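Below is one structure, written out as structure tokens; comments come after it.
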Amino acid sequence: MNGKNTSAPRKALNFLSNNAVPVMFIIIIAICLPMSGFSTTFLLNEIMTRLSRNAFLILSLLIPIMAGMGLNFGMTLGAMAAEIALILTSDWQIWGIPGIVLAMIMSIPISILLGLLCGKILNAAKGREMITSYIISFFMNGVYQLVVLYMMGSIIPIVHTTIKLPRGYGVRASVDLTRIRKALDNVLSINIGGVIVPVVTLLIIALMCLIIVWFRRTKLGQDMRAVGQDMEVARAAGIDVEGTRIISIVISTVLAGIGMVIYLQNMGDMATYSSHSQIGMFCIAALLVGGASVDKASIGNVFLGVILFHTMFILAPKAGAVIAGNEVIGEYFRVFVSYGVITVALVMYETKKRRAKAGMGAQLAAAQREGDKR
Amino acid sequence: MSEYVNESNRTLSKRVIEALKEFGLPRMIIAAFLLLMFIVAPFTGANFWTQITNVINRFSWNAVLVLAMVPMVHSGCGLNFGLPVGIIAGLLGATLSIEWGFTGPLSFVMAILIATPFALLFGLAYGWLLNKIKGGEMMIATYVGFSVVSFFCMMWLVLPYRKPDMAWGFEGTGLRTTFPIDKYYGGVLSNFLRIEIGRLVIPTGALLFFALLALAIWAFLHTKTGTAMTAVGSNATFARAAGINVDKIRMLSVVMSTWLAAVGILVYEQGFGFVQLYNAPFNMALPAVSAILIGGATANKASITNVIIGTILFQGMVTMTPTVMNGLINLDISEVLRVVVSNGMILYALTRKSEVTR
Amino acid sequence: MKKRRILFVAAAILLLIAIAACMMVIGRGHTMYFDNKKLEYEGQTYDTYRRINVFVNGEQVAKLSAKDRGMATFMGQQLSFDIEVTKEKGDDPVNYSYTVKVPYKEDGIVLNLPGMIAGLPEEAYTTVFVPMVTEEDNAEEEIVIDEFGMSDVTEGEDTEP
């Protein structure tokens, strides 16, 4: 269909329809930017902070997409694992970079466990992985509360009263992470014309990108793509479909856990019972804004997405104040846009899938007719 | 047919086991748990009849919202995670009815009347969308619901509501997050024909209203269109072959669900006594979904009985556990329990292989 | 192939555990408190100094007049610091260097500098720091988890990414 004959305007139109979401965002930003009155340095600084804060988390979404399991709403599980690890390292008073490294390492076994569980459940719900992973994140949130609010301090020892609730068990609503705050970001950070660049954090993100590129070429990566394309064909080719799917979720959960530690060290403060609850939604929205779809996402989408989505996030309240005289409107607007983007992406994916199926049906029917004629 | 013949040969115990299997393990656990709660409750100092009253009360608030699941499940659109779409229509009806100066029982009737065109409109758009994306309904419904709610978060601020009972001051900076409706339709159903026997209070009007709607839905499901809806839900290809316009039937079911949700939120408000705007509708779909699943419905099969049993079990659990847990061990883990049980129930339904039809 | 894989995984796990253990040792944070206060020990009194300046890695962390307390936070189980002591007004400052070991399990240690300068044994001038429990710390904190809007008024919350 995309033959040489397609004219330039049609090509442009095709490009537009394939990249509708990023283009829409660029337009929103272009409108909001002059209204906000932010200085370039301020904006660049904010974007740099948010890029280093969020990129790793969003990278964790790529692998399940590769395995055909859609957007992993279950990445929240990794975030919970990271939070449990951080509560413990804070209580043990492990500071600075060692504290961050220890929290990352400690989050891994918890993430693996949760990932295995999530993968197992998703295997029982093939074809509706997304809604299931979405509900799993709610379900696990309950379990997380059980552990953090009732078991910590009573079964799992918590010593410090700054973390423990006065009643003797449970963790306070907010855990102070000042001791590891920006410990990673500040190593070798450089200042370029007023913009502070957290070199080491960016290097870690770059390394992760390289690992993902390499992973795609390994046997396991190839298997995952095969499973993502067609489970039955993959099974016929001797691939352990269920196992591969579980591994992809486990990897995603582990990466989300590490990403959450990076995220929280930047924030320097942790809302024990709500930090993780919306992280999945924002990461998924950012990835989709970068032009990804439910079945296809690249590293480029991650970075474009973070930049566009978070620029909108910074600008919206100010723009809301200018347009409607109310900053709250801007805040609601950005939440609306986040949900809207996910909705549009899901709808586009489903219609595409249906069209492809219908196309295949037509082809089959045509082949049948051909066969009948002979 | 052969199964029918075998029926007589089966022993009673076998049949009981069959029935229990049909009922499902999670449901049994929840029912047993609730029974235990009722038995234990008096020992914790909670009055038995007060407890019963609470359960009946909360049942009367929520039952219509749960009923709103039924049409969409029947037509194969899955569990209606997009319940907030209808709720928003109901909230529009509520706020406009108050804004236009209706009071007392009339404001309730007017709220329903005003909500109806919105529900139809939203339902048509929502149904059109769901017809485009057959197979992916539940996830998209969730996010359509969220998008609509967050869009209306802006609208509640912007729309020119003036009534001081619900708007913020005179600057006209939009509606309050929550406002009481005693002057309007608060308790309008619950207090109608209310029966009080000692500590037991029965909100007869609200129960009758639910019964009326439930009866209407039951009757509808037995009409020609209703059976067509069930046919579409159980096998769309077969239904199409039988000459049923699948898309139209699905659309009808979505409109019905949306309207029921709109009425449902109004019934909820009249019991609760407050209107909640902004972020409140976000969290309203999951309890309704898990309630109907607890009642024995599956992703593509739901009856009025499921609605009634499910709402009683779910609301019973919600109201009983805090009192009993607090009285018993002075440890209120009821909220956590509620989250785990209700979402666990949804997960259970989503992962049952036998229920995968598409 | 299979055997090699198991070995590889085991090695990776061991490496991670080793790193974690290492981090727990070198990352353990402590607080050192420096007191310029009068000390009574075995019937003798060690008086305060007019001024004591405390340096860690050449950076001044405390400037203590009589009866003052200063503090420094550090990672690892020992702290080396220099102090610059002035006995009376107009005296020349005298410099000392110390390295103090802190037990792993203690969050904070208080050093009595007059006692330390006088060369008393360790147990004489070190005490374990006991944090005071403030009113604020003990204020009962309400954790509201309200997934289903059970409370009368549910305010929405938006977390910022």
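Lettered A, B and C in written order, each chain numbered from 1.
Just so we're on the same page, a contact is a pair of C-beta atoms (placed from the backbone, for glycine too) under 8 Å apart; a residue touches a chain by one contact, two chains touch by 3 or more.
Here the structure is a predicted model, which means the values were calculated and not measured.
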* Could you say which chain's mean Cα position falls nearest to the mean Cα position of the entire protein shown? => A
* Tell me which chain's centre, taken as the mean of its C-alpha atoms, is farthest from chain C. => B
* Asked: So how far apart, in whole Å, are chain A and chain B when each is placed at the average of its C-alpha atoms?
  -> 32
* Structure fact -> Whole-angstrom distance, CA centroid of chain A to CA centroid of chain C, is 37
* **CA centroid of chain B to CA centroid of chain C, Å** => 56
* Structure fact -> Among chain B residues, those touching two or more other chains are 286, 335-336, 338-339
* Indicate the residues of chain A shared as contacts by at least two other chains. => 138, 145, 149, 335
* Structure fact -> Within chain C, the set of residues that touch 2 or more other chains is 145, 147, 157
* Once bound in the complex, which stretches of chain A touch chain C? -> 50, 54, 92-99, 101-102, 105-106, 108, 138, 145, 149, 160-162, 165-167, 170, 172-173, 179, 271, 273-275, 277-279, 282-283, 286, 310, 313, 331, 335
* Structure fact -> Per the touch rule above, chain A residues touching chain B in the complex are 121, 124-128, 130-132, 134-136, 138-139, 141-143, 145-146, 149-150, 324, 326, 328-329, 332-333, 335-336, 338-340, 342-343, 346-347, 349-351, 353-354
* Structure fact -> Touching chain A in the complex, chain B uses residues 81, 129, 132-136, 138-140, 142-144, 146-147, 150-151, 153-154, 157-158, 173, 286, 331, 333, 335-340, 343-344, 346-347, 350-351, 353, 356, 358
* To do: Going by the contact rule at the top, pick out the chain C residues touching chain A in the complex.
  => 16, 19-20, 22-24, 26-30, 73, 75, 107, 131, 133, 137-141, 143, 145, 147, 157-161
